[in-house]
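These are the structures in question, set out in turn.
Next come two complexes built around chain A: one with chain B, the other with chain C.
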Partner chain A sequence: MQSLISRPWLWAWLAAIAVFALSIALSGAAQAGGLLYAALSFGAFAAIVGIGQMLVITLGPGNIDLSIPAVMTLAGTLALKAMDGAPGTALLGLGVALLVGLGAGAANFALIRLLRLPPIIATLAASLLYQSLAIWSNRGLRIKPPAALADFATGRTLGVPNVALIGVLLALVVWWLLERGLWGRWLLATGQNPRAARLAGVPVERVRASAYLSVALLAGLAGYLLASFSGGAALNMGQQYLLLSIAVVVIGGTSIAGGFSNVPGVWGAALFMFLVVSMLNAYGFDAGARMMLTGVIIIAIVVAANARRRRT
Partner chain B sequence: MTRHSISPRKLLPLISFSVLLIATFALQERAMSYLGLNLLFNLTIPIALATIGQLLIIMVNDIDLSVGAFVSLVACIVSTLLVQHPWLGWLALAGLVLAYAALGALIHRFDLPAIVVTLGMSFIWGGLALVIMPAPGGTSPEWLRALMTVKPPLAPMAVVAALLIAAAAHLLIMRSGIGTVLRGLGGNSRSVARAGWRLSGLYALTYGLAGVFGVLAGLTLVGLYTSSGASVASSYTLLSIAGVILGGGEFIGGRVSPIGAVLGALTLSLAGSLLAFMHISPDWQIGAQGAVLILVLAARLLFTRREALL
Partner chain C sequence: MNTPQPVEAVVALRGVHKQFGAVRAIDGIDLALAPGECVGLVGHNGAGKSTLVNLINGTLKPSQGEIDSHVTRGGRGSAIRSVFQELSLCPNLSAAENLRIAHPTLKGLGWRRRAGAEIRTSLDQVFPGHGIDTDARVDTLSIAQRQMIEIAIGFAPRGGQARLVILDEPTSSLDAGIAEQLLAHVERFCAEGGTVVFISHMLGEIFRVASRIVVMQDGRVVAERESAGFDRDSLVDAMGHVAQHAPSGEQRRHAEGSAPAGAASETVIEDAAGLSARRGEIVGLAGLAGHGQAEALAKLYFAGTSGWRAPRKPRMAFVAGDRGRDGVLPLWSILRNLSLSVLPAGARRGAVDRRAEATLGREWQQRIGIRSDDLGNPITSLSGGNQQKVLFARALASSAPIVVMDDPMRGVDVGTKQEVYALIRAEADAGRTFLWYSTETEEVCQCDRVFVFRDGKISAELSGAEISEERILAASFEMQEN
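Our next item is the complex of A and B:
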C-alpha cells in the first residue's frame, strides 16, 4: 500500500477519475460511456506525443522538443498527399509519416550535436522550417484520407477506440523498455547524471539521439493518425500539442529535472486534461474560463508536486 | 586581450543584421528610403520590446513561455478597457506588471521550474484575453495611434524606436548598478545573496521589469495594428526566444546582450521580408527565420572555436 501511494502516476489517475465522477454527477450516468469513449479517443493523441516528450525531458534539464506540432502537421500533410485518398494506401501513408518523423528527428539531433545548439533553440529553428515545408506542400489542398483508414482511425475494437489501443500499446512498449530494457536504464542514467553515465560506459550521445528520434517518430505517427481521424490535414492541427505535450508530462509525475520517467502518468494526465475541459464545458464555462482554469490546474500541480518532493 | 577589444563573436549580431540589410537594399533599392525603412521595421517594434522582456527572464536562467499570450492580453486590454475607461485600463496594466513580479518571487521562493509555471500562465493570460475579447476587434487610443505614426526628422519612427529600445535596455541592464546585480543572479545567485541582497526581491524586480516590457510591447502593437484579438501576438513567444539567442544571449550564466537582442529581432523580421523581394513564395517566410537562426548560430560556433584556439 505504501509503495502504491508513493507512485507519482497515481495522482494523475486519481485526478482524472475525480473529474470524470464530477462530470457524470452533472450529466447523468447515461453519458458515462460516451464521455469515456471521447476521452480515450482525444486523450490518445496527447498521450502519444506526451510519451515522446517525456523521453526527451528525461534526458535532463534543457532537453525538450518544440518541433512536435510542426512534425505532426508535416507528417499528416505529406502522408495524405502520398495516399491521395486512394484505397489500399494506408501503409504507404504510414511509411511516409514515419519517414518524416525519422528525418525530422535526425535533423533535430544533428543541429543539437553538430552545431552544439541548446535543444530548445535547435528544435525551435527546425520547427520553423518544417512548418514552412508543410505550408508549401499543403497549399490550398484538402485531401481526404482513404475511406478505410478514416474508418479505422475513428473506429473501435471491442468497444475501445482504435487510436486509444495504439496509444496504450505504445505506452506499454515504452514502459517495458524503460523499466526492463537496457536502453531504458541508459536513458534514466543519462538523465540523472550524464557525466557519471558516460564514465560508467553508457553511450550517452547515442541514447540522446535515440530519444530525439523517438519523439519525432511518435509525433509523425500522431500526425498521421490525427489527420486520418479528423478527415484531413489542417495547417494548425498540431498547434495545441506543443503546450499539451509538456503539460501531460509534468502532470503525469515525470520530473522536469530529468532522470525519472513515468509512462502510466502520461496517459492519466492526457485523460485528465481532456476530461477537465469537457467538465468545464458541461458546467457552462466559456472558452476563456476553461483555459484559465487549465492554467491554474497546471500551476497547482507543479506547486503540489514540488511540496511533496521537498518533504521527502 | 585589452578591455575594449570586441571579439568577432560579439559583433556577429551586427554582422548578420548588416548582411541581410544590404541584401535587402540590393534587391529593392526603394527600401533604402524614409518610408521604406519604416515599412520594413515598424511591425518589429513590439517584437523587439517582447524580446527584451524575454531577455530579462533568460538572464536569470529561466525561460518565459507565456510572452505571446501575455502581450496578446495586454493588447486586448489596451484596445478595449484603456479606450473606454483609461483609469481602469492603466490600473489593469499595472496589476499585470505586479502579477509578473509576484510570479518571479513565487518561482524562486518555492524553487519551481519556470518553464512549466510560465506554461501554465500562458493558459491563464490566454483565457483572460478570450474573456475580455471573444472576437478580434477593438480600437487604438487616439494618443497611442498618434505616437506610433509620428514622423520624426532624419530617421523614420521604426528606426528611432529601435535605437531607443536598444539604448534604454543597454543602460538598464548593462550599465546601471541594479542591472549588474540582476545579471549576477544568472551568473551566481548564491554570491549575490552573500553580498546581502534579498533574492526573492531581485527575482520579483526582474520579472516585474519583464512585465513592463511586455506591457510596452502590447501598447505599441495596438498603436500599429489599431485593433487586436486574443491571439494577436501568439508567435511572440518563439520569436522572442530566437531573438535573444540570435543576439548572442545564452540560456545559462546571465550572459545576454540587449543591443544584440534588438538586432536579433530586426534580423528575424528582415529574413521574412527579404523573401518577398526575392519573389519567393511567402510560404517560406517562417522557414527563412529558422534558416537564418541556424546559419547565424553555425557562424557563431566557428567564431567560438577560433577564439578557443587562439
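Our next item is the complex of A and C:
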C-alpha cells in the first residue's frame, strides 16, 4: 500500500477518475461510455506527444521541445498532400509524416549541438521554420485523407478507439525501453548528471540525439493521425499541444529536474486534461473561465503531487 | 594534555542514541568536548561518525539521550561549525557570497565587500598565501580551493565566534603542504581555547593534532584515550581492522626481483603533454592539488572514449573523486549505480540482463565490502566512503583495459584502502593499466611510475626507486624557488 501511494503516476490517475466522476454526476451515467470513448480518442494525441516530450524533459534541466505543434502541422499537411486523398496511400502518408518528424528532430538536435543553442530557443526558432513550410505548402487548400485512413483513425477495435490503441502500444514500447532497456538506463543516467554519465561510459550525445529524434517522430505520427482523425490538416491543428505536451508530463509525475520518467502518468494526465475541459464545458463555463480553471487545476495537482512526493 | 572534568564542556552527550528506521546509526554514546582540546574521531566508513557530527551540531535530534551545551548550538548563528567532506558550497556563488549564507546578520549596503573582507581574513589566517580569488564563482575553483574556502568559512567569526569546529575529512582533497597549514591552524585555535573535532582516515594527521582520540565502531565508542596512549597499530586494531602494511610498489618489485611491471610491454597511452602508460602499469599523477592533474585525466578520458558509441569492451573506465560532480547518480539505487558501465557488455537486443546485474552486484558487494543490507537502497543512503567503493566497483567490474582514477580514495577508511591497493595491484598484474591521480604521497608510492604536475604541465617523470616523497615535493615546488 505504501509503495502504491508513493507511485508518482497515481495522482494523475486519481485526478482523472475524480473528474470523470464529477462529469458523470452532472450528465448522468448514460453518458459515461461516450465520455470515456471521447477521452480515450482525444487523450491519445496528447499522450503520444506527451511521451515524446517526457523523453526530452528526462534529459535534464533546459531540455524541452517546443516545436511539437509545428512538426505536427507540417507532418499532417505534407502527409495529406502526398496522399492526395487517393486510396491505398495510407502507408505513403505515414512514411512522409515520419520522415518530416525525423528531419525536424535532426534539425533541432543539429541546432542544439552544433550551434550550442539552448533547446528552448533552438526548438522555438525551428518551429517558426516548420510552421512557415506548412503554410507555404498548404496554401489554404484542404485535402481530405483517404477514406480508409479516415475510417481507421476515427474507428474502433473491440470498442476501443484505434488511436488510443496506438497510443497505448507506444506507451508500452517506451515503458519497456525505460524500465528494461539499456537505452532507458542511459537516458535516466544522462538526465541525472550528464558528466557523471559520460564518465561512466554512457554515450550521452547519442542518447540526447535519440531523444530529440524520438519526440519529433512521435509529433510527426501524432500530426498524421490527428489530420486523418479530423478530416484534414489545419494550420492551427497543433496549437493546443504545446501546453498539453508539457502539462501531461508534469502532471504525470515525471521529474522536471530530469533523470526520472513516468510513462503511465502521462496517459493518466492526458485523460485528465481532456476530462477537465469537457467537464467545464458540461457545467456551462465559457471559454475564458474554462481556460482559467484549467490553469488553476493544473497548478493545484502539480502542487499536490509535489508535496506528496516530498513527504515520502 | 587536557583533562575534561574541571572545565565546563562545550558540548556534552549523555546516553545518546539515534535511529533511522531500523538502522541504529548511533547506539549509546557519552562524550564531553572541553574547551581547548582537539578530539580525533576515527572509525570505518559507516561507523556513525557523520551522524555523530550532525547530532553535535544540532542538525539531528537524538532519538534518545541528552545533549547539553552552553554555546549557541544549531541554527545559523551557531558557535558550533561543521565542515563536511562532501563539499557543500553553492557552486554558482563566490566565496564571499557563500560566507553570507552562513552569516545571517551580514546585511545592508556593502555586505559583499564586508563578506569578502571577512572570508579573506579567515583564509589568510588558516592558509597563508592561499592565492584564492574570493570573488570568483566557486565552480571555477579547484576542489582543493573549494575545500579551503569551506574550512575558512567554518573558522570565520560570522558575527560571533567559533567555539567548536568539526572537521570531517578536511584534508582529503588537500595536498601535504596545505594540509600542514590547516593542522597548524587547528593547534593555534585550540591553544586559544577553541575546540576541534577532527575526523580523518589519515592517522598521521590524527596523531599530529589530536589531544584525545575517540574510536567509533557500529555507532558506539569502542576506545577513547589520550593520543599518547595509542600508536598506529593499536589505533587501527581498535578500529577493528587488522593493520596490513601493503608493500609499496618499490618493495614489491624488489621482493619479486623483477624489472618494473610492464617495462617490456607495449605503450597503451601516449598524449601530447607527455603522459604515457604501458600495459599493466600503474602510473601515478602527483604534485600539488589543482595543478592540472584532474584536467589531464579528464581530457585523456574524453579523448579516449566517445559520446556516441558505447562498445561492449570499453577502452577506459573512470573512477571519480569528486563524487557529486563526476560519479554518483543520486536518484538511483546502489545496484544501478554500480552496474552502469558494465551494462553494454551484458545487454541482449538492447535489454538489460537484470539477473546478471544482480549477480554482479552481490559479487562486488562482497569483494569490496559495500555496507548495505540491500543493494536496492538509494546510493545516497550510503556513507561517502561506501559510495566511493561503489564507484570503484563500477570501473573495475568493466572490462576496460585502462582505468583512470581521479583522486579516488577520498573518504575511504584505512582498511578498505589497503584492500583496494591490493585489488589494483592484482588487476595491474593481470594486464590492466591504471592512471592514478592522488593527493596522498602514500598512494603515489604504490605506483610504478609517477608524473609530477606543476602549473598544468608535467615537471618530472619518476620511476622505480626514484619515487619518494622528497623527489615529488621537489618537483612540485621547483618553479617557486626560481
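The rule is simple: the second predicted complex is superposed on the first by the 308 of 312 C-alpha atoms of A that agree within 3 Å, B and C clash if a C-alpha of one lies under 4 Å from a C-alpha of the other, contacts with A are read in each partner's own complex, and residues count from 1 in each chain.
Going forward, a residue touches a chain if its C-beta (ideal position, glycine included) is under 8 Å from a C-beta of that chain, and two chains touch if they have at least 3 such contacts.
Just so it is clear, the model here is predicted, and its values are computed rather than measured.
Within the superposed three-chain model, A:G155 lies out of touch with both chain B and chain C [touch as defined at top].
Once the two structures are superposed, chain B and chain C can be ranked by residues of chain A touched, with B on top.
In the superposed model, A:L117 lies in contact with chain B only, and not with chain C. Contacts of A:A189 after superposition: chain C is touched, whereas chain B is not reached. In the superposition on chain A, A:G33 makes contact with neither chain B nor chain C.
Once the two complexes are overlaid on the shared chain, A:A200 sits against chain C while remaining clear of chain B. When the two structures are aligned on the shared chain, A:L129 is found in touch with chain B, with no touch to chain C. When the shared chain is aligned, no partner comes close enough to touch A:G88: not chain B, not chain C. In the overlay built on the shared chain, the residue A:I298 is in contact with chain B alone; chain C does not reach it.
The residues of chain B lying in touch with chain A in their complex are 63, 65, 110-113, 115-117, 119-132, 134, 230, 238, 241-242, 245, 251, 281, 283-291, 293-294, 297-298, 301.
Interface residues of chain A, counted against chain B in their complex, comprise 62, 64, 66, 111, 115-118, 120-121, 124-129, 131-133, 135-136, 139, 243, 246-247, 250, 256-257, 286-299, 302-303, 306-307. For chain A in complex with chain C, the touching residues are 177, 180-183, 185-186, 188-189, 192-193, 195-206, 255, 259-260. Taken together, the chain C residues at the contact with chain A in this complex read 301-302, 305-310, 314, 317-318, 320, 325-332, 336, 340-341, 343-344, 347, 350-352, 354, 394, 398, 400.
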